[in-house]
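Listed after this line are the structures, all set down as structure tokens.
The following pair of complexes shares a single chain, chain A, combined with chain B in the former and chain C in the latter.
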Partner chain A sequence: MNLSLMSLEISVVVLGIVVLLADLWMPAERKRMLGYAAAAALGLLFVNTFVGQCSCNSDGTTAGGMFIQDAFSGFFKRFFLLAAALVLVLAVEFSDRIAAGVSEYYSLIIFALAGMLFAASANDFTMLFVSIELITITFYVLTIFTRGKVTSLEAGVKYLILGALSSAFMIYGIALVWGTTGKFNFNELAAVSSQFAENKLFLFGVLFILVGLGFKIAAFPFQMWTPDVYQGAPTPTAAFLAVGSKAAGFVLLLRFLFVAIPSVTAHWDKLLIIVSAITILYGNLCAIPQRNLKRLLGYSSIAHAGYLLLGVAALTGAGQAAVLYYLGGYLFTTLAAFAVIAIAMRHLDSEDIGGLAGLHQRSPLLAATLTIAMVSLAGIPPLAGFFGKFLLLKAVIEQGATNHGYYCLAFTALVGVVISLYYYFGVVRAIYFSKETPDAPPITMSLPAKLVIVICLAGMFYLGLFPSKMLNLASEATFALGLIAR
Partner chain B sequence: MKLEALPWLILFLPLLAAGIITLFTLRNKAVSAALSIGAIVTGFVLTLIFIKVNGFAGSETALNWLSIGNLNVDFGLKLDALSLMMLLIVTGVGSAIHIYSYGYMHEDPAFSRFFACLSLFTFSMLGIVLSNSFLQMFIFWELVGVSSYLLIGFWFEKASAADACKKAFLTNRIGDFGFMLGILMIFTVAGSLNFSSIKDQLVANPTLLGGTATLAGLLIFCGGMGKSAQFPLHVWLPDAMEGPTPVSALIHAATMVAAGVYMLCRVFFIFTPDALTAISWIGGFTALLAALIAVQQNDIKRILAYSTLSQLGYMVMGVGLAAPEAGMFHLTTHAFFKALLFLGAGSLIHAMHHEQDIWKMGALRKKMPVTYWTFMVGTLALAGVWPLSGFFSKDAILAAAHHHSLPLFILAVGVAGLTTFYMFRLVFVTFFGEAKSHDVDHAHESPGVMVWPLRILAVLSIIAGVIGIEGLFSEALKPGGEHPHGVLAQLIYPFQHAPVAACSGLAAFAVGLFAAWKLYANAKSDPLPAKLGGLSRAMANRFYFDELYEATVIRLHDLISTISDWIDRWIVEGFCLGLVRGGTDLTGRALRLAQTGNLQTYAFLFVLGVAVLLWFVLGK
Partner chain C sequence: MISMTTLTLIFALPLLAAIVLAFVPRNLGFVMRAGAVGVTFVTMLLGILMFWQFNGAAVDANGYKFVSTIPWLGAESLGIACKFGVDGLNVGLVLMGAIVAFAAACCSFEIKTREKEFYILLLTMTGGILGAFMSTDLFFFYFFHELALVPTFIMIGVWGRGERKNFATFQITIYLSIGALLALIGLIALYLQLPVDARTFDIPTLTKYFTEHTIAHSAQMLIFPLLLLGFGILVSLWPFHSWAALGYGSAPSATAMLHAGVLKKFGLYGLIRIAIPFCPEVAQSHLQLIAWLALGNVLYVGWVAMKQKNLNLLIGNSSVAHMGMIFLGIASLNLIGVTGAVVIMIAHGFLAALTFGLSGYIYNQTGTLEMSELGGLAKKLRFIGVAFVMAAMAGCGLPGFLNFVGEATVFFGAWQVPALRTVTVLAVWGALIIGAVYMLRAVRAALHGPISDKWVNLSDANLWRKLPYAILIVSLLVFGFFPKLITEKIKPVTEQIVNMATVKPATPASSETVVMVESK
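And now, the complex of A and B:
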């Protein structure tokens, strides 16, 4: 077994254990530093992927073909590292609301990150299932971490039960696929999957696996948990759930659909179009009456799962590259929004939109950041969200000649965007145009938190204004995977 | 061509000044004025240098600006005798007016904003002058519209000024709409918007525009009709006198209103004989109408405004009579003496503490000698007295009228008589006779920064007829024609070339002067209303054009807008949008009901979703 290919994963796991152990000797008042140190370590690992020797830049398989390392997984590993580093800083900002076990909170985030890194490299069903469970189970704990709050408990229980349900479907599906084909490895499965394209038992299994993945990305009809969990979970958890967990779902989904069963996927354009369209409409429509900011972002995250599915439904390399690009923009945008929530609403019991009143006086930077994040989520130039949506729609419309359903899908996505403008700008309105602006004191924030905000802002503008570099990375990633479909 | 960068510099310096003033120096009056005046004076000097080096030879420079499909649009500068001469007028007269404004506007709190607007206007006007294509000209045309809107409405806290700038802008937009249609029409046929390339095509194939040629020409003329305030779009110009007086001098005498005439000359090759006839009659009619109205106005600036209208009518008539060089010649001399008259009027108004009624002035001859003498020069030039500049340019138009159309010639001579009459009415009432109000006793001569521009413009008004301007325009617009050289030859040329026109012009002056002297030499109030009765009232009320438009166009417009408003409010907004918005909102709220928060429901819906998925893929 070639452990050097896994050196990144190993160092992340070691980091998690070190944080856990350091807790034993660290005096309580220094624990803040522990979080920053962990975030800095992840930041270093992230930078190292670009400038230094990193296992994620090499190509190859190990662990008997279970673990694959290529440009595609490399792209996602960078994504997860950056997301986790930023979330850790948020977690430190949030730590005063965690009653006990702050260091465990940090290390659980790191373990979830390890799960995501493995997911990015999963090349057979064992790795897929184990990595998903590693992510999901750590998230159960992360969700329930503010035990004193009933909503947090409720969210954790719901996530646990529904997650277990989806895992059950998934493991059943894996068993069926293995039972019919006898293959566990994706590449081996790909070689025989065309023979089974008409085999109902096999398709049954595949669909069950997709149920499990659909649950992770919060696609219709498996999205029910999202708003409740986002609302109840501690803010850093929700942020990581929105960014990391969703992206982990997509990396597995893309590899499963286009590496393991390409000949089956090629016939599923209709299914994917319908799921994508309904997800977009459901997320956007339900977000309209929301007053709780985190719940609203939960629905918005459903809608964004729908947008991302556009790129999957296109069944082309361009579509997949668009998915990757969009996730990049989504990372900065979503984390910016959650960072503002974590910092600006820490004195409030609930994250009601009304709590934003007067934010532009208390902290112009936070107000501007949240505004720009909302504008980017809505997909308005020159921000990252615009260019990502543009690429997704372009990929879908290019396929319009093969199936006119794609035009309907593009139209639905546009309708969704229009609806979303309404509630995103409702947030902006609450910031700047609220009638009663409380005389709250100015908001102070720590330097690292400010850094996170600035990184997110820079990311949104950079991806919106200078898309070529990121687009190259995304295209290389999909190309390396050989995903140029059909 | 040498010094190619100079015209670009001349064009963009005022924009730079406007930008800097608006962004940085609004609080600092001296710097703002220095920037704005500096930009235009530099422009004037650079123009002189450019002409000195290159002469008036024609050339064109262009940068590719945008290309959409096979439409390539250049941003270019056309430099020939026509545009260079116009450049001299705009920067030269503009410089004098800028400097004068420094004195006139000194106490205004929004002093810096004034200079920013002035510079923006200068930039737009220079853009029109230097344009080498219809598109570019149209853009600057609109910019001139905007900047004149800002300047006319400079004292926007006065309701009358706010109304006046709106009126000016909207009236101009009507003309511009026709202009744009004309441009589109020419573009569809010629496939190009560049003046030179359209001209080349028309020379190669005179029937290029076919049956629509006359219509296209008249639509283009619509643009000029708006900017140069020709009947029936003339109503905005007198109201525009609500702006500060230097603005009236700059925009409504020397530059903006001249843009229409300039444009007609620039694209003269487009007009068919039929179109030219229509243009000449509209011009002639405007000249007569405005002169008649001017006779019975009492506000000094309004008299000058109607006089401007009337002279613009003259110029347009000149172009229509296939003598664009005469039109441009008159435009040039008119720019000098009308700017002089406006600035003189400004000096009077300044001295009289913003009193504009001529019947409250009188006897100002002794109090303000420089203003008096320079105003007198301007009046004589406008009346067309030999050997002042106005005589030569007016004579050129009269000669063209005499050559082409007898009725128009008679009309033009009549207007010349009326011009002398109303101008001397103004002079006699304000400068002679007795003081008609107490303000006169306190009046005193204006400061040097205001009277020096008057002196310079007065000199130009005297000599502009005989320094070869006409020859320059003739060569540019009608190459090969004969024209006199040398001062002496030019002085006597009109009497040799077209004695009838020259003598009629002088006779009209004599008649007009005699009538004015008879009626107004020592008048305390206006004797005309008693003599003319209803006609006088009609003249004083501008022949009720405003009332007519109010009753027809505006009323109709109000009706249409009320109906549209109703449709928008109830059908589009209420029914269509309301249904969509309400429907979306309702769907959102209904879907929310599924989100019960109940775990069993969630699990049930989850499994139901799986079942539907299985049915969709496998069940069919």
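And now, the complex of A and C:
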């Protein structure tokens, strides 16, 4: 077994354990530093993936083919490392609202990260299931961390029940697939899956696995948990759930659909089109009446899962690259929004949109950041969201000649974008155009929190204006995934 | 080298200034005002300089002048490059946009709240508009338009006036977003017509490619209606015009000036530059439809304008009605008609900015634009009154103003197409009579007659406030007396476009057109 391929995962797990151990000797007042140190360590690992020797730059499989390392997993590992580092800083900002066990909160984030890293490399059903469980179970705990709040508990219970249900579906599906084909490994399964394209049991198995993954990415009709959990969970958890957990769902979905069962996927374009279209409409329509900002972001994250599915449904390399690009933009945009929530709304019991009133006086930087994040989510130039949506639409319209359903899908996405303008601008309105609140105290921020905000802002503009580099990374990654034959 | 930077500076200066203003403390309102006016003034000078140097400037292989690139923007792998250039078609539009932007900044002194945000948005809008017209890359053409569109919505929502402001904001946002996104889908579909390894958004390359390879008829049937509908919504083509009058009526003056004057022309420019030459067959079969819809603009919206009781709504409707003339010129699809359409685009830009600027001044003085409450204002507001009468005359198509040149040319062009004669006759009637009725009615109701006691304290524009109106009127007159300054530049390009669009005569009418144009 070639452990060097896993060195990144191992170092992340070790980091998590070190954080746990360090907690034993660390005096309480220094624990804030522990979070920063962990974030810095992850940041170093992230930088190292570009400049140094990192296992995520090599190619190969290990652990009997369970664990694969290629450009595709490398792309997602960078994504997860960056997301976790930024979320850890948010967690430190948030730590004064956590009653006990702050270090455990940090280390759980790191363990969830480990799960995501393994998910990026999962090449068989064991690894897929184990990594998903590692992510999901840590998130059960992360969700109820502010256990004094009823909403947090409610969110945790909801996530637990629905998460367990979807895990059950998934394991059942895996059992069916294994029972019919006898294969666990994705590459081996790919070799035989075309023989089973008519086998009902096998197809049911595949469908059940998709149910489990649909739960992770919050696609319709497995989206019920999202708004409640986003609203109730501590803000850093919700941020990590929105970015990391969703991306983990997509990395598994892409690898499962396009590596393990390409011959089945090629016939399921209609299913993907319908799921994508309904997810977009559901997310956007339900977001309209929301008054709680985190809940609104929950619904908007459903809508974005729908947009991302556009790229999956296109069944082309361009579509997959668009998914990767969009996720990159989504990371900066969503984390920026949640960072503002964590910092600016700390004095409020609930994250009501009305609480944003006067934000532009209390902190122009935060107000501008949230505005830019909303504009990027709405997909308006010159921000990351626009270029991502452009790529997704392009990928879908490109397929329109083969199946006119793609044109309908493109128009559905268009309708979704128009609807979303309404509620995103509602947030902007609340920031700038509510009644003046001259006596509100200015908001102070720690330096690392400011750094997170600046990184997110830079990322949104960079991906919107200078897409070349990221595009190359994304196309290399999808090239590794291999195009499916149509 | 200098000319290369001139063009880039014209749109980049306002955008850079917007970024700089974001870091200026908000209590320095004077800095915001001075900055915006100063920057747009420089932009205007650069625009005039560019227009002046246009004839002598070097031409690249595609007929564009002042070609420049911003290399670090765009994505090579997708064929997106941030390229700029002007030819006869857009040089006048850029000049008009730069002049209107300066006038709009001057008219923004009415804004008293949140000046910082307003001027940032105004400058973003200016930069976006000018960038969109200069861009020779389809992606950035759309990109800059969208960049200018969003500030429009926010400005109407925040600094707008009237009771129906919120409704107007939502209506214009939804309408124009749908229009823009439909056009985006059409543009992407156009891009996908190229073979995979040759795909590019570069307009000259696309033009060359589509001259040599015609798009399949089925694809044209998808793309052209999308573009026509998308661009049509953006230009308030009847029956998708209902956002316009209320939207402009509710907008702050500067926004209405910039949108009605300049940004709206984006859709027409897209139709002339992209939709019609790239999808010639389907475009030709839609010409009749466009002409009849244009008649809807001229007659129906003109009739609506006659019925208005609010001065701003009247001006908004008249602005929509004028779009009909431009569409008629496009529908004639011959050298004279399309050239006339471009001339009206420029003329209407000055005129719309002038009328909205003047009505904004009256509104700020009186607090109302209901014509029943106004009256006799010319006694107090002498300069404004004279300017308003001149604007009304220009709107009726009085010789001497650029509008006359454009409208007359369009009618000559459209008359040459036998299939369009009915529409042309009706449109002439509508333009000359209906236009005169509502314009003169507005003049009478607002400016003449006995003055109400309420308005004895009104003050006429001071020298500084006269400046924007004076510049706009002078522009209309200068080009009105010397139309060759513009038409000579436009003609070669429209000739090329008309040739491209009529290269395969699909209907006898259009082939006859070509012959007639050539015989001239």
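Throughout what follows, the second predicted complex is superposed on the first by the 482 of 486 C-alpha atoms of A that agree within 3 Å, B and C clash if a C-alpha of one lies under 4 Å from a C-alpha of the other, contacts with A are read in each partner's own complex, and residues count from 1 in each chain.
Rule of thumb we're sticking to: a residue touches a chain if its C-beta (ideal position, glycine included) is under 8 Å from a C-beta of that chain, and two chains touch if they have at least 3 such contacts.
In this text, all values refer to a predicted model and were calculated from it rather than measured experimentally.
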Partners on chain A (chain B, chain C) - clash or fit: clash
Tell me the contact category for A:L165 with respect to chain B and chain C: first, second, both or neither. first
Would you check which partner chain A:A287 touches, where first means chain B only, second means chain C only, and both and neither mean what they say? first
Kindly classify A:K394 by the partners it touches after superposition: chain B alone (first), chain C alone (second), both, or neither? second
Can A:P221 be said to touch chain B (first), chain C (second), both, or neither? first
Quick check on the superposed pair: does A:R97 touch chain B, chain C, both, or neither? Answer first, second, both or neither. neither
Is A:R32 touching anything from chain B or chain C once the two structures are fitted on A? First, second, both or neither. neither
Just chain B (first), just chain C (second), both, or neither: which does A:K450 touch? neither
For A:A368, is the partner it touches chain B (first), chain C (second), both, or none of the two (neither)? second
Which of 129-137, 435-443 or 471-479 hits chain C? In chain B, it is stretch 129-137
Residues of chain A at both interfaces, chain B in one complex, chain C in the other: none
Okay, in this complex, where on chain A does chain B touch? 157-158, 161-162, 165-166, 169, 200, 203-204, 207-208, 210-211, 220-222, 224-225, 227-228, 268, 271, 274, 282, 285-289, 419
The chain C residues in contact with chain A across the complex are 22, 72-78, 80, 114, 117, 139, 143-144, 146-147, 150, 153-154, 157-158, 170, 173-174, 177-178, 181-182, 184-185, 188-189, 191-192, 222
Which residues of chain B touch chain A once you look at their complex with the stated criterion? 584-585, 587-589, 591-592, 594-595, 597, 599, 602-603, 605-610, 612-614, 616-618
Note: in the complex, chain A contacts chain C through residues 368, 375, 380-382, 386, 390, 393-394, 397-398, 400, 407, 410-411, 414, 417-418, 421-422, 425, 428-429, 432-433, 465-468, 471-472, 475
